[in-house]
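When the chains are written out, they are named A, B, C, D, E and F in that same order, and each has its own residue count from 1.
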Amino acid sequence: MSQLKEYSSFKHFLVTSPSEYVAHVEINRPSKLNAFTEEMWIELGKVFAKLSHDAEVRAVVFSGAGDRAFTAGLDVQAASQGSTVGHNGEQQDGARQATKLRRNILEFQDCISQIEKCEKPVICVMHGVAIGLAIDMSCCADVRICSRDAKFSVKEVDIGMAADIGTLSRLPKIVSSFSWVKDVCLSARNFGADEALAVGFVSRVLETKGKAIETAIQLATLISSKSPVAVQGTKELLNYSRENTVENSLRYTSIWNGAMLQCDDFKTALLSGLKKTKPRFAKL
Amino acid sequence: MSQLKEYSSFKHFLVTSPSEYVAHVEINRPSKLNAFTEEMWIELGKVFAKLSHDAEVRAVVFSGAGDRAFTAGLDVQAASQGSTVGHNGEQQDGARQATKLRRNILEFQDCISQIEKCEKPVICVMHGVAIGLAIDMSCCADVRICSRDAKFSVKEVDIGMAADIGTLSRLPKIVSSFSWVKDVCLSARNFGADEALAVGFVSRVLETKGKAIETAIQLATLISSKSPVAVQGTKELLNYSRENTVENSLRYTSIWNGAMLQCDDFKTALLSGLKKTKPRFAKL
Amino acid sequence: MSQLKEYSSFKHFLVTSPSEYVAHVEINRPSKLNAFTEEMWIELGKVFAKLSHDAEVRAVVFSGAGDRAFTAGLDVQAASQGSTVGHNGEQQDGARQATKLRRNILEFQDCISQIEKCEKPVICVMHGVAIGLAIDMSCCADVRICSRDAKFSVKEVDIGMAADIGTLSRLPKIVSSFSWVKDVCLSARNFGADEALAVGFVSRVLETKGKAIETAIQLATLISSKSPVAVQGTKELLNYSRENTVENSLRYTSIWNGAMLQCDDFKTALLSGLKKTKPRFAKL
Amino acid sequence: MSQLKEYSSFKHFLVTSPSEYVAHVEINRPSKLNAFTEEMWIELGKVFAKLSHDAEVRAVVFSGAGDRAFTAGLDVQAASQGSTVGHNGEQQDGARQATKLRRNILEFQDCISQIEKCEKPVICVMHGVAIGLAIDMSCCADVRICSRDAKFSVKEVDIGMAADIGTLSRLPKIVSSFSWVKDVCLSARNFGADEALAVGFVSRVLETKGKAIETAIQLATLISSKSPVAVQGTKELLNYSRENTVENSLRYTSIWNGAMLQCDDFKTALLSGLKKTKPRFAKL
Amino acid sequence: MSQLKEYSSFKHFLVTSPSEYVAHVEINRPSKLNAFTEEMWIELGKVFAKLSHDAEVRAVVFSGAGDRAFTAGLDVQAASQGSTVGHNGEQQDGARQATKLRRNILEFQDCISQIEKCEKPVICVMHGVAIGLAIDMSCCADVRICSRDAKFSVKEVDIGMAADIGTLSRLPKIVSSFSWVKDVCLSARNFGADEALAVGFVSRVLETKGKAIETAIQLATLISSKSPVAVQGTKELLNYSRENTVENSLRYTSIWNGAMLQCDDFKTALLSGLKKTKPRFAKL
Amino acid sequence: MSQLKEYSSFKHFLVTSPSEYVAHVEINRPSKLNAFTEEMWIELGKVFAKLSHDAEVRAVVFSGAGDRAFTAGLDVQAASQGSTVGHNGEQQDGARQATKLRRNILEFQDCISQIEKCEKPVICVMHGVAIGLAIDMSCCADVRICSRDAKFSVKEVDIGMAADIGTLSRLPKIVSSFSWVKDVCLSARNFGADEALAVGFVSRVLETKGKAIETAIQLATLISSKSPVAVQGTKELLNYSRENTVENSLRYTSIWNGAMLQCDDFKTALLSGLKKTKPRFAKL
């Protein structure tokens, strides 16, 4: 499949459309295990910001090109030459260095958070090496699935730092056991597909990368066949609920649906149900 | 068993007392798979508000009458004739329609939330069809168990809307895997008893509806044999903690127990422990 | 192993060092199933406050001495003679009694919370009887593991009170299923190692207490071999995230790492990685 | 003016309509300085709940009948005979008494909070004696004005209790100086109209009760002449903002206005502006 | 003064530097009372984003060009032709219109919020007409001052809408009296300089626009002479505190200053104090 | 008056009792303008922790000894020799320095916060020089009054740092105008008694220090004559409300008073009112 025309200017990500209303985004640097440079995460942010408002897209599959890795995370070699996470020659005092580092971290976080902010559901498929930034990014996705060969690690403590691009902020909210979260984050040990499934980090494990991609595309296609008003509202309300009290969430929901129930999709869905036809919903 | 006298005026719910201090509430419209009309959810709210302050009740079992369904959710036919979730003839602008819809949603939510606000523990038993509103309601209960034949679905996206009566606000807080929550809410797919157990949505699966009801009544009876001050405080403090920081919860707990430790139940429990007799606690 | 010199004044806790930078704290009252008196929990608070700032310690193992119990919880006999949780002779009105009780609860909570506030990771090993206060304390630890013979219970409702030292505030945030949490807290029923693992309360089960201690020490030793800046930051950020929105956590993280990335550990870790040597990090 | 027909069943409150879309609610027990009995506050809640959804009402003026008092607060004599805030004969332990008191307080609070929850703006006019419950109620209103003879006091500490119907929860959020709030709440001292204006408790002081009522009706009439979508949205968004972060409030606002800008009032207002005519807005 | 070179590409805003480290931003459309078009608010966001990280700038003065107006707010004529706040021909259902409006509002808000997010203090000077968007923008500034001829109004209800670009989210948090806030927001009435000062909306009133600009520049120059680490930290911490509990703010502060006290400015300031010289601080 | 016996071991604070149930705490280092060393703030924390639970004390007056200053804040000379806020010789990396600084700041904050946590109302009297730490401390008090000669300044930016002991966390919550708060905190300019009164920082200004102390003692005596249950509850509930939503505060209040209304003070106050005698309340 060829790059979607609208996304052809992106260099590091291959964006194709395997079925109607579905976009497939692939990290495209397989020769380096899809490791990220600064240029790449800036582009990643732009890809997902564009998908968020693209009326031709109703669900997104996110994966890594090649056989060996979803992504090996940050390209540490590139990073140590750049200014992002290290000291860089100039003699500044600690406060000024902290300010510079803080700004860099915030910009990096903002790029990655675009995956979470994307109004359309994102299904992340992981295979092979999936460490460091791989965890940060996948935590932003809505659904996580993997192939049996996936090898995960919250790797950051092994390079002398606490993870700061999102893993520590999101992981405790998306899996079950806080004891397990602490275990893998403090020890940086590897864990595999079965353990990831058992704790709820992924919700399905497939035999091969191919099968996992296929499954993700099927799920994305199913979701895309439904009312985009209903689907995008469901994503928004679930994300809101995760971080607000039940009472606040109920109130927010009532205002959201006060507007959203004024759509034709409700009628369309009911009619299609009666007529046993496939409903067609207007763009969003 | 016959309807408890105090609850005999309720038309859609059968309220009986299978053992001392235990109330059993059954949705009583089996011919329509226990589907809900507006009249029913208003009554539901009243039933649980009454149970909340009824000193004769210390634990509640909540289930659906008949063999086929806990509940098939909203009676869509009735709803599409009424005013609750659709456009209804009059030509109002979008803002005025939104206001009307918002008020309706808030009233509907308030009725269902009475299950959660009930001061006594509620054990929800699900069997057969348990979709849509079934999930909203069961999320308000304290303990969820089901029979092996239970078929669940967060069905709302299939009728063109995001669930707005509580599922999206509560589900992320009561089960383990956010990936799984997104999966079932975005796809509206069915899931069964084993999957519900694996992710922690229910805490026990029994072979038949009969066994599940029996188990629920045993648990309710056990809970009812304990100090109502201890039990009701435990429910309140757990619900509070779910949505507050540990620090706030500890402070709240200290004030709660500042009053609640001034009960005779403490002594009663200790004495019964020494004498090996069954303790009797005063009403609450 | 003998008591660490710095901790030799503590009477109820044995503090040893099984490997470099690792401290092992044992509740040392095996003849009474390690049941706690007021003097003990005050001392416990002091032990962990000291460990928190002790630059010689980078990870802590916490367990109970003897074969039979991690701890049977509060020494109820001692408590009923003291002033902590009962009426005590003097004729005070309900408000004044409530004030006294509130102050006592807050002081008790503060001691136990020192385990959570300890800047170094704490791995709690549970075996045999582990009820009441055992749950409160272990919920404060970072990683929980147990031996197969562990018998747990949130026992408080059986003595006529809602648990008030932390279980009800922390348990809903560290395990998966809210239905299960309500079940065990409202019924006070026992549960074993396998159930604890299934719901994520513990992250590993070992065959014997000895194996569990050995495993915990290995994990603590592994963690201690890593950058203390990275490890302690990871603990802090995970605890922060559990109770804050993703957005707040990301912001907090950027400020934290603005300072913390100015450490030499980053370089040390990279160099050791290249040279295949064991890194040595400065104290913290 | 005579009682509005729809409100004629209310015994303790006179509800009239001094101008189009304006309702005037008067506490009607001048012989007892408008002191409140339980029956009265229950009725008060119903009056404001009804006004909230009454499409004929767009603004409410709230005042007390007679020359001497807005209200002297709780009718202490009545209260000391009833069950609300005292011990009442039956020998219950402290926990059970606390439960009963807590339920009573919550019900009382709920009635008074209806003033705040009323979707239409409420302008409270205070004169003469305005103590205790007078402060609780006026804190729920949107705009507070008074006549020069008003004599205010947060009186509760003088009868041996902390105010629990809303003053202590709302006063710190509606006036300027926390030092002043503490001063008047801890000392129970009187303060007059000028002091109330200086700290921002009231926003206008008029010479007489008559003038104050007149001014309030003018303001209510002005507000009622504007788009009810705009006015009710403004009230809702200001109340929301008071208790949420700016970021949350902006997000909430965007969803609210996503629906509310779909009204005809926008066009109506613009056209009237061009034509210099008085706009007429549809009901809400 | 001529446009700062770095800012010369901006068309609608004049950016000059009246003194070292001070930038002066003027809304530059005096012929239209500085009314805003969409192009202008997008540019405004960019100006303040640039100032935020510009090491040559330590304080910003923000005002409107011309004699007559700070700004008359939204250019309603332009807006009613564009797509921002109206219906625009295409026949979309209410949900899809709401989505479009929500996105537009969020983008508009984001541009204006750049004033608040700017790391450098912003002093807003208002004169003449200052209505609608004028209030939204000034609420984002740190210090507000005005000339005696300023005429303010929260004008939105008069055009049939609740203000949605920030006034309702920020005003309750920056002035004293909630009664006054409700009064001016619900009535859309004008208020002048003295009233603005009395309620704390502005902190100083000067006789003429010229004097007000002069005063603002003096204050900006004074602030710019101080440690930028201290100044920017003070802005950040005050904004954080406004929306967080004291406890959270203290913790946040301790982490912030853990890094920020590692600056040379501390020493520089102390030395200058001893030597009575003007301190020179490194850029930030 | 001589030091209260129970407080005679304190070296830097004079604690006397000017009337029944009133304690007067004076900072006692007039020769150095009452500037604070580390030893002093540690002692300050202990003084207020002791007062908090001292049943003989029902209200506290806090002031500075001597004619010239409430306090000139931190003893900068002492501080620059110690380890609190500076670099101190040892060559540690930035992360380790930040950790040390963070711990020091937290300990300092904890001492000062004891004033706020003291269960009894604290009336702070300021005169003469009142800068830096003077503002931090007075923000913790409940009521602030001053003499006409008071000269205030949030001085910290002038020594190259953002205030970190509480001013920036508390000041925005206790005074009216956020514009004014930013003005004085960013400019470090002096302000006097009248300005402090106008913005609500103090609630009364007296002619001389003597008069101010006298007034404070009268207020403290008045407060001490009332029910300590009512007074301490009022303080607690106001502090809680400042930082929680109205809804949370109402709930918290209902639980608090569920216990607190079970006091005899209610009856005592009513009876004294009828008999026109001075009520005597039991200790708390």
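To be clear about the criterion, a contact is a pair of C-beta atoms (placed from the backbone, for glycine too) under 8 Å apart; a residue touches a chain by one contact, two chains touch by 3 or more.
Everything quoted here is computed from the prediction, not taken from an experiment.
Novice: Kindly point out which of B-F, D-E or B-D repeats the A-E interface, defined as over half of the contact pairs being the same residue numbers.
Specialist: B-D
Novice: Is the number of contacting C-beta pairs greater for A-F or for A-D?
Specialist: By the number of C-beta pairs in contact, the winner is A-D.
Novice: Provide the C-alpha centroid distance between subunit E and subunit F, rounded to the nearest whole angstrom.
Specialist: 33
Novice: Using mean CA coordinates as chain centres, what's the gap between subunit C and subunit D in Å?
Specialist: So the centre of subunit C lies 49 Å away from the centre of subunit D.
Novice: Among the residues of subunit F, which ones contact at least 2 other chains?
Specialist: 94, 97-99, 173, 176-177, 199-200, 229, 255-256, 258-263, 265
Novice: With touch defined as at the start, can you tell me which subunit E residues reach subunit C in the complex?
Specialist: So the residues of subunit E touching subunit C come out as 252, 255-256, 258-259, 262.
Novice: Quick one: in the complex, what on subunit C touches subunit A?
Specialist: Touch residues, subunit C against subunit A: 121, 142-145, 173-177, 199-204, 219, 222-223, 226-227, 229-231, 233-238, 241-242, 245-246, 249-251, 253-263, 265-270, 273, 279, 281.
Novice: Inside the complex, what are the residues of subunit A that reach subunit E?
Specialist: Where subunit A meets subunit E, its residues are 53, 92-96, 98-99, 103, 229, 232, 259-265, 282-284.
Novice: Residue numbers of subunit A touching subunit F in their complex, please.
Specialist: 94, 97-98, 247
Novice: Within their complex, state which residues of subunit D touch subunit F.
Specialist: For this pair, the touching residues of subunit D are 76, 80, 85-87, 94, 97-99, 101-102, 105-106, 109, 113, 116, 156-164, 166, 168-173, 176-183, 185-189, 199-200, 243.
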